[in-house]
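You will see two complexes here that share subunit A, one where it goes with subunit B and one where it goes with subunit C.
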Partner chain A sequence: MFLRMIRGTLLRQWKKMLMIAFTIALGASLASAMLSVMLDVEDKVNQELKTYGANITVVPKAASVLNELYEVEGGEASGAYLAEGELGKIKTIFWAFNIVDYAPFVNVNAALDDGSTVKTVGSWFNHHMELPTGEQLDAGITSLRSWWEIVQGAWLDEQKEGDDADVCMIGTALAKKLGKSAGDTLHLTGSESDRSLRIVGIYDAGGDEDDQIYAPLNTVQALDGLDGKIDSIEVSALTTPDNELAEKAAKDPGSLTVSQYETWYCTAYASAICWQIQEVITDSVASPVRQVADSEGAILEKTKLLMILITILSLIGAALGICNLVTASVMERSSEIGLMKAIGAQNGAVSGLVLTEICMTAVIGGVVGFFAGFGFAQIIGHTVFGSSITMRPVVIPIVAILVILVTLAGSIPAIRMLLRLRPAEVLHGGR
Partner chain B sequence: MKKRQMFLRMITASLMRRRSRMLVALLSIAIGATILSGLVTIYYDVPRQMGAQFRSYGANMIFVPADTAFTEQDVRQGAAVIQAADLVGIAPYRYENVRINGIPVVAAGTDMQGAQAASPYWHVDGAWPAKDGELMVGAKVAESFRLKVGGEIELSYTPETRTQEELKTVQDQTCTYQITGILDTGGSEEEYVYMSLPDLAKLTVDDGKVDVAELSVSGGAEQLEKYIEQINAAVPAVTARTVKRVTASETTVLTKLQALVLLVTIVVLALTMICVATTMTAVVAERRREIGLRKAIGASDKSIVGEFLGENLLLGLLGGIIGSLLGFIFAQQVSIHVFSSSISFRLWIVPVTILVSIAVTGLASLLPIRSATEVDPALVLKGE
Partner chain C sequence: MSLLELKNVYKIYGELHALDNVNFTVEKGEWVSIMGPSGSGKSTMMNIIGCMDKPSKGEVLLDGVDIAKESAKNLTAIRRDKIGLIFQQFHLVNYLTAVENVMLAQYYHSMPDEKEALEALERVGLAGRAKHLPSQLSGGEQQRVCVARALINTPEIILADEPTGNLDEKNEEIVVDLFHKLHDEGTTLIVVTHDPEVAEVAQRRIVLRDGKITKSVVNENFTGKIRFS
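What follows is the complex of A and B.
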């Protein structure tokens, strides 16, 4: 009998029930869309912030103390270098997955034909790597210097040109001084050899780099006979904003207790990633670039908090919206409830019937809404970040609990109010 | 006159008598309006507030001498072009080669407060120099000379104009300073020694010249370009430039963030408004009986529609007013918690919120009223 009555209501009043289901679906989709976006926003914004370039630099241990101080005097760089052969190891550290991009640098002062010397930098532009793990990675300054504006020509691509091809890119200021444009050749003399490089592109970096020459790593190494040696590595990594533990660890990892050390080592703090890079690159010092690392942390935190608050607002909105409609639709059934009571139904039976009906509708609406909401999240992800939003299982129970709680909260007070009424009054139409 | 009085009385009476139901409807409109005004306020304030956060990346504009050198006076003059509210920090820098124990080091003279504001990411172990005779050293300098906070160092300076002869006979100028802090930035700043401009002038030559000035200016890339044009025109000694790395990246990230908030706002608003509409439809649909009764005693369709609409528009108005107030409070709370600054109040959001609430309630109630008036009153009253 109970089932028959419910089926009857659903079939005969399908229009009203559809509307309730529709509203619940809207509320549920709002909740699931916002929760999905909120949980993913940190990763997405972190990716975007990579446009600021590297947040970790790696230099040789000896150089980090003395080399750059002596360079002030114009003296020759001291002899400490990092080994090019170890570069692949960066992708084998504990947080290898968080290393987005990196590039080695070697600096050489090369002489031009007119006798002036120019700082020539060797690096990766779009270097292809086969990692020991079987992964493949394209890394280099094409993405690490995303703010460079290519004024003429195009980005150098060693995958097309070859690893020690005679090509280079030069800065706008230098190009203007030399009167060169893309396609011309530039003759450079180093301490060991000389080469004629074809200018592939001219960039505007808005800084010191505008007076420099950038060429493939091996090409520049050959100029000064620095085969297999590099001066520094810039690493762009996804990191977690620093907290007290990370600051303490950055000063001296030895001061941590074993469990603190484990927590620190297994969290993607900039200092932990630096530590791990030092472990794999012989005689190196890795340090976070504060300008990038600290600012990233601040902006990530703010964005996340903003999204959390907007999500809370929309959750409250969705909850009150559903609650309201359920209350309205239960109140509407006053005469039906009055009639049921008049012919002898118990309060419990009446509430059970109404609640079951509403909950069934809520479940249907909730399921539809959840998937619709996930769709909305994908639209947001693709329009804003150009990548999809990860589906997080934790959203399902949150939305389910929200829908059920809100539906019950909306219907129970209304039902209780109606049950308190006297059937005769209700049927008479006094209310 | 009489007719209007009757109209008003019917509306208010209906609102008063059906209090609980009307409260439900009003609540739903108010929620919609709160979300509307709250999110729109946040959307318009996000670029400003977020832009301020991006200033933690440090200077986005630099002044370099148009000729060979310029003075602090020129820098201040150039900075005066920028509106005071937009100027987050300005730090003039003067670099000189000095010696510690005979080893050359670059000493930078600057305005410490300005540097702190323009480069908030500088991490100082100890304190920033505050008095004359105090300085801070870069982490790498500290490491190579084994310097500690609280220690003293002697800097010596050899003027570049001295001849070989003088170099042998005349003593270097020396001063002793107290180290108040060690600077850690992860960049080339760690190789310098920082002191105030007057201190550096005392040690070297007092000619008031500076080499470069770093400015942190809030505003988008377009605003910066405008300032640069004005500065270059107004102060001939100064060439202003943007720091491309900071401005270009800021534009990219900020555009994405704003697009994110915009899309979220649109999705939330659309869904909320539909929610409000369905609730209003449910509230009005419930009154089919009443409509039937009125028709049966001779009310015209037009008067019924007018009266119901009037009632709902009144609700829309009330809900809109409550909502725009609550929305502003919400946006204010968000701003204080997230950005720790208060939000700028935009007056136009209030009428827009009220109009949208009225429009949504009006449209949402019009449909069920229409369908109710079209039905034969006898059928409605019978309950079919």
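What follows is the complex of A and C.
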């Protein structure tokens, strides 16, 4: 009987129910689109922000002191180096998933055949790593220096050439000075060995790098016999904007209470990530490139906040729509509901009937809205980020719960009206 | 003990006394009609007897229980178990068939039983129209479905509000004949009407005016058959 009544209502009031389903679908589609984008935005914004370069630099402790005192760079000046073998540990820290890219650097002053010296930098280009977590990462300056314009040749493909191959990239200013083009060879002499490197690409960095040579890490290390040694590491990490706690911790983590320390350590503040990097890289000092770190976190926070606000507003809109439609439906059916009460239906039975009808409509609207939202998310992904949005399974239960809550919230006024409805008033007047 | 007893019943809306010190009783198996002009308090009395409203003052004893003191939830249960309601506007659920409308009363009472519901429709002469929707039935047929729905849970009292108000003479006669049959079977009938021909068919006629009972007339020539003038 119950099902016959539900079926009867859904078929008889299909236009009204369609409107309710449409309203729910609209709310659910916006919620699922915004949630999908919000959950995927970290990766998307992260890809965008990678173009800003690294936001954390790691140097040997001794070099850090010299840097501060004399503003000199490189392990050569201080005689201190970081160990290349510890690089993998960066992806094992508490905030490992927030480390999106990083590259080691070793600087060598190599002599050219004409007797002049040129700064030669060894680094990763697109270094492939398979991490213990199962994650795979292609890290290096190909993405960390994405603003470099390749004017000749192409980016050095480390995965194809190997990390000690005799290949390099040179800056436009140096190429012009030496009269070299992509495909030519440069002969470099270090303190320990000499190598002839084929130029695979010429870049325009718009800075000092235009006078430098970039080559695979091991190739440059071999020139000065610096096997396993690196001068610095640049890290691109996703961070949370600093607050008072982060600023206090950045000055002295020892000044924090145990609970403050836990909060700070477990929040992706740049200072917390730096601290955790220092914990795994021996004798290192990690420091944020403050401006970049702050702007990255702030952009991400603001983007997420915007998504949450749009989701909330769309759900409030849907709830108001449902409220109007369900109330109108109950008013229209007041004599039918009055009759049910008159022949013995208790309030619970009538409310259950109306809520079941609305919830069934909500399920239909919710499913349609979810898939429509997935479509909207793809439009947003392609329009804003130029790539598709990955649908996270967690969106499904969240949208389902939101749809149920919004439907129930939107139905409250109608249910209250239904509970107050007196059969005598709707069946033959109160007099 | 009377089946229904109203003692000093008042229903007051502000200054208006819709019922003003009403006293009367209905015995088990009796057929009583309540008549009066528009605004006399007939519907108010029907709402109170039908457990759809409470008096402002006084006692309404139904089977010995003072329904004036019961909660809304208990009144619903009393209505479900003891009263069968028939309305002038029929109030059939328009997306349910005739038999489903009858089963609706069973559903809220106990368990829907299609066989029993069909038998109830047969009693009112509508076995052949069981699968029809209300929109496919005439006014008289809809009212007979309404009677079958009122009967289905074998209530103590059938309470009819202007049951023939929307019917032509032929259908009016059919419905009154049904009441006659029910009365013969021992059902207590209270019929609220402004139609003197319908009111006079009953064993006793109570006349209301301005919320007061002005006349109570026993039908000495009770036959249970309507006579059109």
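By our rule, the second predicted complex is superposed on the first by the 248 of 431 C-alpha atoms of A that agree within 3 Å, B and C clash if a C-alpha of one lies under 4 Å from a C-alpha of the other, contacts with A are read in each partner's own complex, and residues count from 1 in each chain.
We adopt the following convention: contacts are C-beta pairs under 8 Å (C-beta built on N, C-alpha and C of every residue); 3 or more make two chains touch, one makes a residue touch a chain.
Remember, predicted model here, so these are calculated numbers, not experimental data.
A.B. asks: Answer with first, second, both or neither: which of subunit B and subunit C does A:34 touch in the superposed model?
C.D. replies: Touch partner of A:34: subunit B, not subunit C.
A.B. asks: For the three-chain arrangement built by superposition, which of subunit B and subunit C touches the greater number of subunit A residues?
C.D. replies: Partner touching more subunit A residues in the overlay: B.
A.B. asks: Just to be sure I read the superposition right, which of the two partners does A:344 touch: subunit B = first, subunit C = second, or both, or neither?
C.D. replies: A:344: touches subunit C, not subunit B.
A.B. asks: Looking at A:255, would you say it contacts subunit B, subunit C, both, or neither? Reply first, second, both or neither.
C.D. replies: Neither subunit B nor subunit C is touched by A:255.
A.B. asks: With the two structures laid over each other on chain A, which partner does A:11 touch: subunit B (first), subunit C (second), both, or neither?
C.D. replies: second
A.B. asks: Between subunit B (first) and subunit C (second), which, if any, makes contact with A:314: first, second, both or neither?
C.D. replies: In the superposition, A:314 contacts subunit B only.
A.B. asks: Figure out whether A:146 sits in contact with subunit B (first) or subunit C (second), or with both, or with neither.
C.D. replies: First partner only.
A.B. asks: Quick one: classify A:92 as touching subunit B (first), subunit C (second), both or neither.
C.D. replies: A:92 contacts neither subunit B nor subunit C.
A.B. asks: Under the contact definition given at the top, report the residues of subunit A touching subunit B in one complex and subunit C in the other.
C.D. replies: Dual-contact residues (subunit A): 335, 429.
A.B. asks: Touching subunit C in the complex: which residues of subunit A?
C.D. replies: Per the touch definition, subunit A meets subunit C at residues 1-2, 4-5, 8-9, 11-12, 335-336, 338-347, 349, 422-424, 427-431.
A.B. asks: What residues on subunit A touch subunit B, complex-wise?
C.D. replies: 16, 19, 22-23, 26-27, 29-30, 33-34, 37, 41, 45, 48-49, 51-53, 57, 64-66, 68-69, 72-73, 146-149, 204-207, 287-295, 298-299, 302-303, 305-307, 309-310, 313-314, 316-318, 320-322, 324-325, 327-329, 331-332, 335, 376, 379-380, 383-385, 417, 429
A.B. asks: Name, in rising order, each residue of subunit C that touches subunit A in their complex.
C.D. replies: It is residues 18, 39, 41, 43-44, 46-47, 50, 52-53, 73, 76-77, 79-81, 85, 87-89, 91, 93-96, 100, 103-109, 112, 149, 161-162 of subunit C that touch subunit A.
A.B. asks: Quick check: in the complex, which residue numbers of subunit B touch subunit A?
C.D. replies: Listed in rising order, the residues of subunit B that touch subunit A are 20-21, 24-25, 27-28, 31-32, 34-35, 38-39, 42, 46, 50, 53-54, 56-58, 97, 103-106, 119, 121-123, 140-141, 143-144, 184-188, 191, 241-246, 248-249, 252-253, 256-257, 259-261, 263-264, 267-268, 271-272, 274-276, 278-279, 281-283, 285-286, 289, 330, 333-334, 337-339, 383.
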